[in-house]
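Here you go, one structure.
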């Protein structure tokens, strides 16, 4: 019973953390906009916690660059299981317009496993909400530890 | 102190401004660049889109008649649609849905033959592959 | 025996009330910000989810500390409902707060350290105020015992109006509401991340959250003593107080602890003296 | 009976002399240990016999008088040796006053019982004998290590243990004295012993601080002599019991009591006399532990407490309460600004003594019981803490609490013991807090006192909590435990166990021991709060609950399946997870560094002390002036 | 005894939307030393000039920074237009001004919200972002995308505004103005807000000039410098006066930005009233050659492009000096001796755009 | 050639910059552009009353440029950036990141110059 309750709660309370991995700010502000009155993702119990140790879902925007990849990995490792990763925007997916640059590693999935890809440049708040909803479906099934 | 009180009390009395997105979908503005698609029937495989694209996410193979776009790299700038001589590239207003796996849009069309009488053959090819966007799951590339 | 039953009842019901209150709080806050806000039961979802997460710790002291924090908070609520001595209740509660700080100090993380130091300053600020409020109650009632205070035949608010304001400072600090939300914050955008809570995660965080509900209930219970003669007015007083807290939370910027120490101590002490003198004169 | 008293007072002196003259380390070890055991046994036996009055023979009386003058001349000698005018003047004043008193005023025909033991005295004897002995035993390995560090050619330990052990005897004498002149004699002995011990290391600072301790305590001596003379003139007796029997004092007698209390203030290092005790920190740790927990400063509060019936309900009482409360607040504030572990302990001692004195000043039965309990619990916890700091200092070479960060990693046992010691100073269910609780309840009617106590207790929480917190830290289970000599670990563990056991025995102690001892108090106490009557809860089950809760928490901490991770450092963490260093600018790893807030701009020692001293001086003048 | 605490402020930090690292050394929460580490957003897009042709480069420049993307594109196209001596149609110039000012508005509203969040005023943050959504809607309806509008091409613009659209924009701006006005009393006069912003991060006029502060950061110190005074594009036809405040603290900078929202609304109205008929874009032929330095005013301040073409369709060098790049040295002098709690306030008060700075 | 531009040499650079400062110019930024002969042009941009002025300094390959960060503190960021991007070295830089301002050690070639390896950054 308790397990079921936890599982149900998990889908109802995904705490997100946003990490900008070298984006142009476009996706960042759209991610932030999701929190604001017009989109208000707190409806789904989503809080932006800003601390990997509290987060369930990691939203990554932007191209991963060489200096950033260690940080991304570090943050991902500090998140307790179960956890999900959403890559947002063309840059987070593949490097986007910057994929030929010398300091760009590429998409987020080159460093950490990604659960949901949200395309867009920048991804619209609606798309990000869709992405989080999709991630929740995966997230609910994950087990701790 | 407390100068913000009128604002929050007004908000408290009024209805929340929240758009109830996935449950209630707002009508999109016209001309919004949500998702790129190719009207493959009209495509002449000139490759203009591929050359103009700033992210170089479109690959056109004139001989095989394929038009492949990496939606994960596309930046929705609309240059391709503007420069398309056949006007077969369009944008849906609805944004492209998120996916859980890497995918590419690949479309198989009829390559332009110098000869005529292609109309009859085009139909079946379209049936099988022309479904606007065929998602092709692809193993996420893993690095070391 | 009756006390024991009441205490147990308090220990069981307090987190439920606290969780509901937290949910309502978030909902009303959202409305004030023109948002729809989360479901009322959101606080429970959060806690259950946290219990289902992996145990990720920097060291084991944290587990010890968060458990003692919870036990102390629950015990203090139990003692309150069991009608014990106010000062004892307060000390037990303070023990929990101290352990929360120590757990944060045990970790080699500067955010946690700074948060712990700020939490200590907060303890430093509200503790004397609470003791003084209790002393004020004692001066009126002649006892520190909750049972005796409940039995007093006039609303304390009439004799101690200023002490109620002093108490509300402590309440704001304890609820971690703006302008005093600097040792940890319910909002993410804080210069020290989550302060004391930075290094707690998963079940430990859930435990702290539950303990926080207990503390909220405890301090609201202390508020309720100010109009203990009538159930209706007691609830009105509590609702009005909490609503005022929400308004304050939403209309003020976060201040700094230096400001808090200066401002709250000076205002709190001044109000205390005035109220006490008024008591002596009246 | 007399044998027990002889054991308690004279045996330490003899043992000290043995230590001094037989310069063998094994003999010294044996002597000190044996003395400790005998003292403990004797004090327990004395307790078993209950209160008593003991008439000493005339021989003893004369001996004390002679020794008294001899001691004063020795002090005078040191005054000349140190070229300190203050000491000279004050000592000469004492000699003249005492001589005049003995020769011209005192009626030698009337004899008073020299010694007596009532509840208060017995409790004090227990503390002195047991805790003091433990500290002396701890001193054996400590001093070896200490001298090893100093690279001394010739060991100074014989002299050290002479005074250390002698101290115990003097303290026992002081608390058991009924003849106020005996009290004065032992008072002077403790002054002299502390002077010798503080100056033990012979460094410049040590000598300076020892000198300061001597002249300050001489001020107390003068005040005490004056108090004795006034009191004798008013009551016509030298017996303390007889004086107390006369009931609350008034007029000139009140001034006499005020002066005696002033002497107590000096001994207890109350503001503005705190500097001698802080200076005493230069001495080896056993000395500090002894001075702070079971001897010396406790002599001061003992005197104030002893005479509390005489000023009950007077203005002097209020004054004492105010002075005590102010010291409590001021020293707690000063402790916040400190990072030197020993100094924090010192300020905390002064602060707690202030609380005891405030309780004495509040002077209700509840307050008096609180004071007595505070003396007990404070002695246990504080001696434990000093011994811990001493042990840590010898291990890490620093007494700065910042250097003790994460001490659990290298010294798990000592760290845990220290944490327990600290917690026993500030948390329920430990005794110190329960006493504070009683004190607050007792002080609720005194506006200024309660405000100061409220502020002070919050400040106390701050400096203790952060110290305890930073001792904690991560540790791998497989790493080896620390090694310690038996005589270091023994006292630590015993005291720690004492702190724990006494916490759980508080209600028992209160109901079974203290209330009957202060039977009158029980009747008058309005909130016999540790009983079941008022609380709605008996304290016992409550303490059990806390205990069970703590055990459960410990179980969770040790058992639960935890994945260890690195601390959050903005994602820039590098290196080992224990390390806490991060990748900073220019690709360099920045090591972990954190610090407490010492709030120099508010709680700076140099900034506050002058003002506090002026305020405290003013309060004392007010107190004495009020007595007139 | 060293009572210092070393705090890694970033790269991931909830206060900073973007990764930047500040090594802060604090003593009782007073910052004694602040050393920045950059490179967490560095992509190296200047180098793309040699891999993308000069038309495609517009879309790269737009993505230097998502918030001021429009104005980056304007600056880049103006550079190329000057190199190639292209006459941009008047209507295109006015349209560029309208979208530029809309961008400035949304950037400032966004900043005002983030700034409110920096001192923990969440409700105010929500209100500013609520208002901002109206501007985002305007962008989406007129240009097809909310943030990166992609309306510029070399020689003009791609999208047009119809009369109804213009009227709708002006109506929306009416509401925006009203709602922003309702918050003026709080952000500029509230006691708690003022006690956090007044006196935080003071930079005098001389310091600002010496350190090369630009934009609202400089104007908050009384520096009357605004690249729009150069009269590039259609600005020469509009009535414009820069917003200046002399105090030089965080409050002054927020005052400047707050009033610039009004100024931008005013500029859009002027431009809409004076919008001439005509072509949207001039024809472009050939390849750019030569060197040019171009300046425009971004929401964050003056932005400078140095472009060198070599006659082929690939450029030799595009060098972008963004406003935040110029404002970082001033920031480094503002932070020491402030309180730790003021660090977010001061850092945000220059409106840092790290993706601009590092490109 | 940009309007209002003057060439300077390694010897006169710092004094020219100093003169600009004394004339009341604000330092805007520096740009570098690699020339075909392998040398690099460094442009110093200044502003006074909305008028730009430029100094052009040609830096031969492999030589160190004198730093102007002592004159204009704000130049330190620009110089560190050029150190990273174009591999130029400056002498007397007030805060030298030594090539680590933007680039992680895992980037091995100088970005704006073809086929030039970055040599041991940490040294």
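So that you can tell them apart, the chains are marked A, B, C, D, E and F in the order they are listed, and the count of residues begins at 1 in each.
Basically, a residue touches a chain if its C-beta (ideal position, glycine included) is under 8 Å from a C-beta of that chain, and two chains touch if they have at least 3 such contacts.
Just so it is clear, the model here is predicted, and its values are computed rather than measured.
Novice: Quickly list, by label, the chains bordering both chain D and chain E.
Specialist: A, C, F
Novice: Using direct touches as single steps, what is the fewest number of steps from chain A over to chain D?
Specialist: 1
Novice: Which chain is most remote from chain E in terms of Cα centres?
Specialist: D
Novice: Which pair wins on C-beta contacts, C-D or C-E?
Specialist: C-D
Novice: What is the identifier of the chain with the smallest separation between its Cα mean and the overall Cα mean?
Specialist: Centre-most chain by C-alpha means: C.
Novice: Based on the averaged CA atom positions, which chain is farthest from chain B?
Specialist: D
Novice: Using CA atom averages as chain centres, what separation in Å is found between chain A and chain B?
Specialist: 22
Novice: Which integer distance in Å separates the CA centroid of chain A from that of chain F?
Specialist: Averaging C-alpha atoms per chain gives centres 39 Å apart.
Novice: Find the geometric centre of each of chain D and chain F from their Cα atoms only, then give the gap between the two centres in Å, rounded to an integer.
Specialist: Inter-chain centre distance comes to 68 Å.
Novice: How many Å are there between the centre of chain A and the centre of chain E, using C-alpha atoms for each centre?
Specialist: Going by mean C-alpha positions, chain A sits 26 Å from chain E.
Novice: Give me the residue numbers in chain F that touch at least two other chains, ranges are fine.
Specialist: Residues 100, 102-104, 111 of chain F touch two or more partner chains.
Novice: Among the residues of chain B, which ones contact at least 2 other chains?
Specialist: Residues 1-4, 8, 16-18, 20, 54-55, 75-77.
Novice: Two or more other chains touching the same residue: where does that happen in chain A?
Specialist: Within chain A, the residues that touch at least two other chains are 19, 36-38, 40, 43, 48-53, 65, 67, 71, 75, 78, 80, 96-97, 102-103, 121, 124.
Novice: Can you identify all of the chain pairs that touch?
Specialist: Here the touching pairs of chains are A-B, A-C, A-D, A-E, A-F, B-C, B-E, C-D, C-E, D-E, D-F, E-F.
Novice: Help me check something: in the complex, which residues belonging to chain E touch chain F?
Specialist: Within the complex, chain E contacts chain F at residues 38-39, 42, 44, 46-47, 209-212, 225, 227, 229-230, 290-293, 295, 302, 304, 306, 308, 316-317, 319, 321, 325-326, 328-329, 333, 358.
Novice: Chain D touches which residues of chain F in the complex?
Specialist: 97-98, 100, 104-105, 121-122
Novice: Would you tell me which residues of chain A are touching chain E in their complex?
Specialist: Against chain E, the touching part of chain A is residues 18-30, 32-33, 36-38, 48-52, 62-63, 65, 67-68, 71, 75, 96-98, 100-104, 121-122, 124.
Novice: Along chain A, where are the residues that touch chain D in the complex?
Specialist: Listed in rising order, the residues of chain A that touch chain D are 19, 51-53, 70-72, 74-75, 77-78, 80.
Novice: Quick check: in the complex, which residue numbers of chain C touch chain D?
Specialist: Residues of chain C touching chain D: 3-4, 7, 54-61, 63-65, 67-68, 71-72, 75, 79, 82-85, 87-88, 91-92, 94-95, 98, 101-114, 116-117, 120-121, 123-125, 127-129, 131-132, 135, 138-139, 143-147, 193, 198-199, 261, 269, 272-273, 276.
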